[in-house]
Amino acid sequence: MVYVSRKEHFNAAHKLYNPAWSKEKNAEVFGPCANDNWHGHNFELIVTVKGLPDPDTGFVVDLKKLSVLIRREIVDRVDHKNLNLDVDFMRDKLASTENLVIEFWKILSPQLSSITKYGKLHSIKLYETPRNYVEYFGE
Amino acid sequence: MVYVSRKEHFNAAHKLYNPAWSKEKNAEVFGPCANDNWHGHNFELIVTVKGLPDPDTGFVVDLKKLSVLIRREIVDRVDHKNLNLDVDFMRDKLASTENLVIEFWKILSPQLSSITKYGKLHSIKLYETPRNYVEYFGE
Amino acid sequence: MVYVSRKEHFNAAHKLYNPAWSKEKNAEVFGPCANDNWHGHNFELIVTVKGLPDPDTGFVVDLKKLSVLIRREIVDRVDHKNLNLDVDFMRDKLASTENLVIEFWKILSPQLSSITKYGKLHSIKLYETPRNYVEYFGE
Amino acid sequence: MVYVSRKEHFNAAHKLYNPAWSKEKNAEVFGPCANDNWHGHNFELIVTVKGLPDPDTGFVVDLKKLSVLIRREIVDRVDHKNLNLDVDFMRDKLASTENLVIEFWKILSPQLSSITKYGKLHSIKLYETPRNYVEYFGE
Amino acid sequence: MVYVSRKEHFNAAHKLYNPAWSKEKNAEVFGPCANDNWHGHNFELIVTVKGLPDPDTGFVVDLKKLSVLIRREIVDRVDHKNLNLDVDFMRDKLASTENLVIEFWKILSPQLSSITKYGKLHSIKLYETPRNYVEYFGE
Amino acid sequence: MVYVSRKEHFNAAHKLYNPAWSKEKNAEVFGPCANDNWHGHNFELIVTVKGLPDPDTGFVVDLKKLSVLIRREIVDRVDHKNLNLDVDFMRDKLASTENLVIEFWKILSPQLSSITKYGKLHSIKLYETPRNYVEYFGE
């Protein structure tokens, strides 16, 4: 079993805001992240696939195909977007990095079989800033 | 003459949009950067001061004082903000990184004498993404 | 279960020295790391918390609160310090990065419940240099 | 149990080429990576050893000894080399990063006992580019 | 005058070899860099353009257009290539990073006017490894 | 004229302390950097040489020779040392990064002619932390 990773990036605006709360409560809990007029980040996204190398290619997964898949399914839907307003799969969800990686997993996991016989999705890691990041393993 | 640099960071939302143009023209020129609902970045800001080291301290400028100055005058006014809507010194200006460093220079340059006898502002460098950055030397 | 990480940094002096050994034996085993007059490092510290996201905030743990906790409990006690002489919890211990992460774990682990309902300490990673680092999972 | 890591680097040429296939099939599967005249990379190699710290040294493994071992057994055999032509342990294998880490594991794993009483090889991670990397845990 | 930079990357094989010298002399001067079977690198290329921001866009140069230009004129001709064998503009030249940046300048400098009214090529910086790099200002 | 750079690193302990001042004044001016028991850093040192490429080698300077020179003349004298106590050329000087680069320049500048016909020392850059650094051009 080898673990193979591909890093992609995107940038987006968002705010942290719970619509069930008052503006004051949101400001208290989320601080400047609740700014009405949004703020934003450069996100670094790392997708890891695990499996046995295909004896014909030496690859668990062709990283060029993985890159194309991530761009088509994730990056094109979030890059230069507002995560709260523009992204269908984040509707009615808090735009935290935790929730983002869970949604990214749901999208990518069933599609990996289209590009690799041997690999399965292992983890999704998302850097919101160079000092803050999350990782999700599907459960 | 020694050149001394301090790196700070902030994150913000913005869009590139020329109000004198139609929506179509903005989309054509700025592409996804013109997204109505904004996008955003983690910015890395590097301020460089040049001068002779003070014989009493060995410092051109005390980098802790420089850090405090940058945070008070720049970071606190742009961090977790919308550069088009929330930042007074960017009103009526295109929110490009080029224009940001010029405004940062105007703010910081006259204030350096409050923290250093020997140093003068030399340059301001701003990374919008790890692959795109600008630098300004005051003229 | 999502894994959430926060990176902090500090710098400190230390030496590697086993008081049960002669000076020669220390020099033989630890080489330049045993230098009597100390040496030092910029340390990068990454604390990872695991748990379910709180449905009200989307957070496993508020990273601002985690940052404050790490700074108060760890960084303020080691930053700009001598790890052998100035740090109470390293008294009578070899100042290796291995021993540091074990002590950091003992300090942080019981305190996480004060800032998160859903998260538990998962790991502590410590870079002594960009090429040397250790990680500890509490057992 | 503490996990201790050491990062080394090397650069090398290679191509991805399955000799059982036609030139056209290789070009189709491997794209520019199949270029007859080779291409190359700066590789970053991270070796992680796990174990209990030795009570006499505070070390799971002396990272200077680990560095010497990695350089002698791996780096000296691949650095400034052609991975397809010059490297004995890659003969008749596809020069993918997946296959490299598996071979590195076979070489390093039995030799760790020569430098540490307490540590065992935990993982080998290999960056082919800053955006593509693999990791192997020995099974 | 603002300086605007765009970073691109490519990887390639090369060797350092002066055909006027014996094999022994090449080995003596270039060491492992003269390896007959090539070695390779991930190169990071930074192109800096200087000029006044266009009042209509806030841009010295549209970095997307600069990226497209660099990719078409440089990256597509060197990426996944052998710098000694596959690259027309390096024919009969020593494949040192110094000579690469000089040739890159000759190619890019006359073409900048096709993408910017206000900017001129200022410098080309090329990282061969994270520790070795060169920069050229056109004279 | 091409500018060629080599990055080396070392780590060391130091404190900022003006012996002409009282302990209180030192604490007031230098804050935690004046800690009696020292603190320390990983330093990254970048030496830049400028000149015309040698037509026989394509090199302004052989970076392996430059690396050997920097290690012998600088790194071996400061690595794993106390900059205030162990380093002859820093005696009676404040151990600031500003003063370090000036001393490094005095040491390296006259020695470059021993390894390059074409190159002259252009600058010395020293990172004390990833956020604080200085650069010196010899005047």
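Remarks
In this document, chain identifiers A, B, C, D, E and F correspond to the written order of the chains, with residue numbering beginning at 1 in each.
What we mean here is this: contacts are C-beta pairs under 8 Å (C-beta built on N, C-alpha and C of every residue); 3 or more make two chains touch, one makes a residue touch a chain.
Because the structure is a prediction, the values reported are computed rather than measured.
Across C-F and E-F, the chain pair carrying more C-beta contacts is C-F. Chain centres computed from CA atoms place C at the largest separation from subunit E.
In this assembly, the C-alpha centroid of subunit D lies 29 Å from the C-alpha centroid of subunit E.
Note on chain placement: the centre of subunit A and the centre of subunit E lie 33 Å apart, centres being C-alpha means.
Each chain gets one centre point, the mean of its Cα atoms, and the points for subunit A and subunit F are 42 Å apart.
In subunit B, 130 are the positions where the chain touches two or more neighbouring chains simultaneously. Chain pairs that touch one another, listed by label: A-B, A-C, A-D, B-E, B-F, C-D, C-F, D-E, E-F.
Subunit F meets subunit E in the complex at residues 1-8, 53, 56-60, 62-64. Residue ranges on subunit A touching subunit B, taken from their complex, read 9, 11-14, 32-33, 35, 37-42, 79-82, 85-86, 129-130. Against subunit F, in their complex, subunit E makes its touches with residues 16, 18, 20-21, 29-31, 93-99, 101-102, 130-137, 139.
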